[in-house]
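Okay, so chain A shows up in both of these, paired with chain B first and chain C after.
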Partner chain A sequence: NFFYFSQCGNFVNTLFLLTNPYFTCTCFRFLITDVSEVNNEEDSAAENQENDRGADKERKRAKPRTRRGHGRGRARHGGEEDGDDEDGTRRAGQRRQRNRRGRGRAGNEGSDSEGDPTKARKNQANQKSKEDDEQEEDEKGGKSGKGKNEKKQDKKVDKKGKKEKANKKKKDKKKSGSGSGSDSEEEPITEEELAKLKEEVEEKKKLIATLRNKPWKMKKKLSVLKEAQLFVEKFEGALGKGKGKKFYAYKVMMTKKWMKFQRDFENFKTACIPWEMKIKEIESHFGSSVASYFIFLRWMYGINMILFGLTFGLVMIPEALMGKPYGSLPRKTVPRAEEATAMNFATLWDFSGFAQYSVLFYGYYNNQRTIGWLKFRMPLSYFLVGVGTIGYSFMIVIRTMARNANEDGGGDDTSFNFSWKMFTSWDYLIGNPETADNKFASITTSFKEAIVEEQESRKEENIHLTRFLRVLANFLALCTLAGSGYLIFFVVRRSQKFALEGLENYGWWERNEVNMVMSLLGMFCPTLFDVISSLENYHPRIALRWQLGRIFALFLGNLYTFIIALMDEINLKLEEEKIVKYNMTIWEASLYNGTIPENSTAPPIQVDPADVPRGPCWETMVGQEFVRLTVSDTMTTYITILIGDFLRAVFVRFFNYCWCWDLEYGFPSYSEFDISGNVLGLIFNQGMIWMGSFYAPCLPAINVFRLHTSMYLQCWAVMCCNVPQERVFKASRSNNFYMAMLLFILFLSTLPAVYTIVSIPPSFDCGPFSGKTRMFEVISETLEHDFPSWFGKVFGYASNPGLILPFILLMVLSIYYLNATSKSYKEANLELKKKLQSMRQKNKNC
Partner chain B sequence: MVSPAIALAFLPFLITLLIRYRHYLVLLYRAVLLGWLQDRLTGVPREQRAFQYVLTHAIPGDPQHILHTFDQWSYHCEHLSCVGPLKGKIVEKLLCERAPRTVLELGTYCGYGTVLMAAALPPAARLYTVEPNPQHASVAEKVIRLAGFDEQTVELIVGHSEEVIPQLREQHGVQSVDFVFMDHWKRCYLRDLQLLEEHGLLADRATVLADNVVFPGAPHFLQYAKTCGKYRCRVHRASLEYCRAIPDGIAELCYTGAR
Partner chain C sequence: MWRKTRREGQRPPIKVTLRKEWWDKNQRSELEMGNKQTIFTPEQLDAYQDCTFFTRKEILRLFYKYRDLAPQLVPLDYTSRPNVTLPYELIGSMPELKDNPFRQRIAEVFSESGDGNMTLDDFLDMFSVLSEMAPRDLKAYYAFKIYDFNNDDYICKSDLEKTVNKLTRNELTPEEVSLACEKVIYEADLDNDGKLSLEDFQHMIIRAPDFLSITSIHFMSKKTRNPGSF
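Presenting the complex of A and B:
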């Protein structure tokens, strides 16, 4: 039953549409109806009784009105006299009394509504099959038997017995509740009356259950339903009587409470989804395409939370708590030359100074095998977290993609599009007017989307012209890409020249030229693509994909330029490292020579770690670069939002009063939400995180912060300064497109990270892998020291290419096989769909 | 010093602006720059030039041909900000539907709209047209006479609309107007509409047409018309005169606030 009601909220269910408003308008009433459904088993039994007495129905119907008056009077007496007949306390008596009183009223109602719905209902019910009846009767017997021990003997009875039982029950009831003081001649009447009443209640319940199938007008349905529900609400307490009454009431109450709890829990679960309301609000105003961006952002936030948890919990916290403290080692100390400015804000903002020599970066970690009393294997943990981050990301992206792909396959979303929208859009669980407004807006937008789609599918146009224009547009886009690529190349070359000559001789513009050009191109080229894509005349959803693809190419160029520049720098640092290493030996030698000559067994000399000369530590440099890039990227995004959206909106809004043309409709107007740019910004930012998080464990934390703030900022900016697109469209399946791009970027960002890990030797004096020739040696070291020797042997055999190659072959084969089967399933699905359609067509034609 | 690379990075932005707003740039050139240049070169104001062209090319007494000549001149020579043929059709249709007895036009300019409406007027109807600029008014007068409409049909009032409207009843004997066409300063639309209301000049179910409500646009006028409850408002979408790519519209207001 609860499932049934939870579906009420699901506005895809057409069938429930008609009865829904009543279940949802008041929770209480809805629960009552629910209970009435629980008791539905009793219904048909009552129907049977009715069959028996079908002939003298009219007579009976006339009676109750007069007799009920008596009953009420009797009830009042009985309440005083026999209140303690059974364990019924005063309260029980009062309740009974109330029931009686209500019954009197409802008798009128019953006779009022007798004409229309009940009759039809009864006729329908008469056709019920026998076995069904019997079965339900048994159940019924069980129910009443629970309350009354003396009834146990006639548990299995036929209809007649059942009738007797009903009589008996009534008698009992009377005895306990009210009628013991009254004359014997009135008794059968009361009995009859009670049976009658019960019948009516059950009828009503049945009516409520089947109301939605009736071919009536909505108005009539509403009034009938309301009446029936009122009736049932009043009298259904009278159904469980006698000794079990209390227990029954308790049971009913508990069921209600349980239902309510489940409903509340469901609400709570929805409330727990972060930003759900915000996103729904945006969706209602801007359509699902804009909402899809925010859903993507939220998803990304979740991923980053996990990455953050991994790096924070397994790398940063252990190092901060159990590792050697700041100042104990040269790698954990700010060098003497930098000490003066290490705490300046400008230095910290640049992530050097104290920030550089902290857990935030690779260089701070020590190469001790174990740290602290927990014997925490820091280098191993660092390595595994780095690998695990990337592995987890791959897994989650691919899993999400697969799930999305599954969702795409099912459902026939092309036919009856408008009827679905027309009849199933409204969400009957909406309680507050604001949400209702939003829902209204969202339904309107969804209609707009559907109409746009329908128009697109019906359009016929000059195919040659369109083709020509599309080719032209692609050509122009390519030209733009090539131009921007060349510009970046030129700038990078120039900056290398500057770097060789020494950056101190140049001004701010020269030093930040690469960043400036990159962010300017990243800002302006998409708008140019946007203009170009208007030539192509695609459906907005496809246009969005093209746009995404082009911007993707542009950003990719930017990113790889950045990486190549970084690689150059790494090579420079490696060379510098060699020189430093050589100098170190000389320095050490001079140290020994100067202080304690000719003593090889002397204790190590105490030198302040800040004074020890050290290598350039390229890993920290890489981490710093990525962190700086992320921060500057975030700043650029926020500033763009503030200037491009907010200030523009303020200008348009307030200068419209005194301007010679209409600013809102005309030239600047309000900005639209740029889905493609934002999505790609997010994806590339994530790529940066994946690449850099190995060398800067703080990067996921920074990214979580960035995503968190940008969620709020962008939600606010969208609602406050943007207008919906001219052509609002549905974002179906573009989510998987985002995912595919994300996967691609993940792959591309894994490449440089893995390359540096595998092929470049780690710095000799910083980081958890210092002293090793390659970073992954930490694995073999662990195998050697911490595992039994046979394990190392097994591992050695397993990593034999003779074993690995067949394994890979097997994997490829199985992938091929799975792919083939899924394809064939898809085809079968399509066939079935076609068959269904043709059958439907046939039915229509017949 | 800003490096050339950074300057080059702005190139896509410039190109975007150029492409996106090309129609507006063309309009700027044709309506403002070319007009200014011609004024300088010939020493004759633009309206005069248009009138000379019409005088030499149009058939006197044929309003349709005169309008057509105006269109020709605007398409081929310079931009003239009058109603234009496209929106003219809408005005004509609405005028024929309403068949008003008294029509008020605010902003005569060269008399294009006046001739258009006078030609579509039902018999015995009267058109009042208001023009603040005496030079434009003199041109308009000549155009109207050239099209063959006398003072009985068309009365040209020279003066600012905010001064003319209060005096319409006393000086010109107008009890109420059934049809108002506004094509003067866009920022005066709202003021003049309120003036007309104040002086009770709008007849019941009078139609008020306002040109150029989308471009350059009259947002406050539209907002007032939509929210004050005295009008049923509708915007006919069309394009700007002689510039097909720039969207524009005519607002049609039906006055229901008299009762």
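Presenting the complex of A and C:
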């Protein structure tokens, strides 16, 4: 029967020709001898093809086709069992030969057909099912349905195999007349055979690794797996004969161990991903768009964990353990005036008092170059952690964006509009009847839409109307944005004027004008945008994006006012500092003057650190502002969730029984999950963290806590009080929209941080950089003291503008070059796509 | 009628876990921890891990899921490979499949006997293919089988009509349905034989942007989408 192998369809031959052109010429010889027999034994074309498939498969993965119910197969199996290594190798050689013959035949027959490897592969896949069926039948027949206890079966086969071995050998002699050494029957293993066997074993291993990708039934997979494992175990030992036996065995053992370790590690890794089940549950209820928010939240959590690790491990812990203790320096002590209230809850909640004079804030750190017995360079570490935080964030955001962009493998092909609607519109994740109802409805409407579009292919007025509406909507949104922008600008200007004239002269409204205006805008503009976007009639996914973009622009105003206010305050504090510095000298002088007469009684001047006058320390002030903002933001979010979602849901559910209209369907109804608002909240919050973490090392810790709790709270709130959106839409896989916004915010929040680090002198009496004119001087100081002099020189040369400018130029050029090449690739891709399409069209027309 | 279903759909799932349920859950997890090894031999588990995309824990969870469908039928000891088959009615009532319009087809395609009744092996097989780790080719192959209602290895027009009707719950008119089917055949049929072969189907489905994520059931799969995509 194995002459079937020599008959091949177009697909195998082309595949084979492509991969192994060498074999074709050697195998023509077999061809010539075999042709007649082949012709005799051919039964039907279909069957042949099946077996060809078998041959092909065997070549590719060396799948053992042992139990095919044929004598040969059994014999082969028997050989395997009784541990006759030699026999095994010979067998391997035979199989190889047989395959070759098949290929040779293939090369001959298919030489006139056009080579189309992709088509070939598909054909092959096409045949797979049939082939599998056949195989299974064989299995049943051969083993009389004893798929499970293979050992017994193997033994039986063993006996039979021995009987038939002789038979087989004869056959082999006849048929594989001029093998390349494979017919050296009773001789010891040659190098070549060894190599072949090794190859075979490797192939089996590969089969084991890729078994899960095969579209087979589990029973078959299990049996194939068992066979392959037996084979590998058997011959791995045998391979080790000769020189490298020990080494080989060792290698095999190590690879086994390594595989096991990898598998365990993989198990461990999956167990480590937090909140997987929660997110899955939400996804099945609300669709992937809502789940995408939670995945984003989890990702943020991961990043913040790393930021937290950096600041906590390299800044806060060393200072707390090795730095000078509380009360030893003025900067580490609560001033006398505040001592009475320093422990009050209200003070602590406001992050002043004891909280202000602790490792949580910038001002607490000392400017000692090294601390503790480890000679830990605190100021340097502080500076590097600050820079590293931002650098790491940039890196991780850009890397994620690149990965997302990579996955986006040109899916925007509209030629399969209906097919995709038909076959991929059902979201298999849906596991909840409500969502399923909504999904059915949305699929129906989308079908209807598409059909209507198809029928009326181009309805001019309609398109003009939508275009007009969209332009109008954009115009309105722009007007709203511009108006709110001007309002913010105006209010900020006014508040600056008020601040200059002194706030005491004005009432409550004037003092809180900026905040009130901001929150009013934040409350009403998104709803306004929502109304506007209903004009546009976009698909909800695109509508969500527009909504996000618009609210984002609005929030930028928020950020702007905040930064302006902070800058003003910093300038005020700097002015104040000058005065304090002047006063300090006077105070010191008076101290000395005052103490001189008492010098006889008291030795040197001992002033309690709490009594020393000190500067305003603007850095701590900035840090406090950010921390307060983060905390209040968190509180607002939670309260909004509790009131806006939970209480509303409870009210609607339970008052519906005694109300004059239908609450559930009518006006208040349940709330939907607000994706855009939540995502933007998350992004802007992260921007605050990035801006503030240099001045308040505790900020990442607070944020980690916030994200952790909000994960649980929001998961609960979504599952408990929200309803799925009316038009459930699936999140498209790789879209960088959230990430792009995050990157933009990161960039924006880096600017003020870098500006303050580079161009504002640090406070003279607090923080790790006190006494320096600029913060980054800590680098040059380190270079001077801790590195050999030549290193400093090299660094000096390297930072010379004459070197840096060309370097930047080079980078710009390379970016330009890479951009150009990627563009050309894209164009080529498009061109190819077009060609493919035109080919298809041609094929259809023919 | 539409109004009514919509209103029903508007109710959020405020859920209260009963004390007993909670207790059962905890008991179960203890059981899981305690005698993990008596359900399967380590070799069996390894073999299953090689044959599916699941980790050991996930396989055990799937086993419990399977067993929960019919605790009286499925033994807790699978070391001797008992020959247990669960009827389709039980399989189709799983929460993962309950709302799927193609649940019967899925069960039929993955069951050994082809009638929707499943052994544990079939069950694992099904979840493995539907997990997010499964490659596109494998998913496409099984998706083709699922949509091929009459098992003739081609998706012909009647299959397509069935698919559309299942997807839209018979809310399209016959003309609309046949128009949609014609469009699908026009788009995806490469060799012009009026029906879709596996080759045509793969050619079309592999290019679909979210085919992988859509044809997955979250049971507890390994990877989720990258962050920042929606």
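The working rule: the second predicted complex is superposed on the first by the 453 of 846 C-alpha atoms of A that agree within 3 Å, B and C clash if a C-alpha of one lies under 4 Å from a C-alpha of the other, contacts with A are read in each partner's own complex, and residues count from 1 in each chain.
To be clear about the criterion, a contact is a pair of C-beta atoms (placed from the backbone, for glycine too) under 8 Å apart; a residue touches a chain by one contact, two chains touch by 3 or more.
The model shown is predicted, which means the values in this text are computed figures rather than measured ones.
Undergrad: Of the partners chain B and chain C, which touch A:749 in the superposed model: first, second, both, neither?
TA: neither
Undergrad: Which partner, chain B or chain C, touches the larger number of chain A residues?
TA: Partner with more touched residues of chain A: C.
Undergrad: Given the touch rule stated above, what does A:665 touch, chain B (first), chain C (second), both, or neither?
TA: Both chain B and chain C are touched by A:665.
Undergrad: Which holds for A:520: it touches chain B only (first), chain C only (second), both, or neither?
TA: Touch partner of A:520: chain B, not chain C.
Undergrad: Would you sort A:304 into first (chain B), second (chain C), both or neither based on which partner it touches?
TA: In the superposition, A:304 contacts neither chain B nor chain C.
Undergrad: A:226 in the overlay: touching chain B, chain C, both, or neither? Say first, second, both or neither.
TA: In the superposition, A:226 touches chain C alone.
Undergrad: Look at A:528 in the shared chain and tell me whether it touches chain B only, chain C only, both, or neither; answer first, second, both or neither.
TA: first
Undergrad: Given the touch rule stated above, what does A:404 touch, chain B (first), chain C (second), both, or neither?
TA: In the superposition, A:404 contacts chain C only.
Undergrad: If you lay the two complexes on top of each other, which residues of chain A touch chain B in one and chain C in the other?
TA: Shared contact residues on chain A (touching chain B in one complex, chain C in the other): 662, 664-665.
Undergrad: In the complex formed with chain C, which residues of chain A make contact?
TA: It is residues 119, 122-123, 125-126, 128-129, 148, 208, 211-215, 217-219, 221-222, 225-226, 263, 266-267, 270-271, 273, 276-277, 279-280, 283-285, 288-289, 292-293, 295-296, 298-300, 400-401, 403-404, 407-408, 411-413, 415-438, 440, 443-444, 447-448, 450-451, 454-455, 541, 544, 649, 653, 662, 664-665, 669-670, 675, 719-724, 730-739, 742, 840, 843-844 of chain A that touch chain C.
Undergrad: Quick one: which bits of chain B touch chain A in the complex? Just the residue numbers, please.
TA: Those residues of chain B that touch chain A are 1-3, 5-6, 8-13, 15-16, 19-21, 24, 187, 214-220.
Undergrad: Under the stated contact criterion, what part of chain A meets chain B in this complex?
TA: That would be residues 480, 483-484, 487, 490-491, 494, 507, 509-510, 513, 516-517, 520-521, 523-525, 527-528, 530-531, 656-657, 660-662, 664-667 of chain A.
Undergrad: Using the touch definition from the top, list the residues of chain C that touch chain A in their complex.
TA: 3, 5-15, 47, 49-53, 55-58, 81, 95-96, 98-102, 112, 121-122, 124-125, 128-130, 134-135, 137-138, 141-143, 145, 147, 153, 160, 163-164, 167-169, 171-172, 176, 179-180, 183-184, 187-188, 190, 192, 197-199, 201-205, 207-218, 220, 222, 224-230
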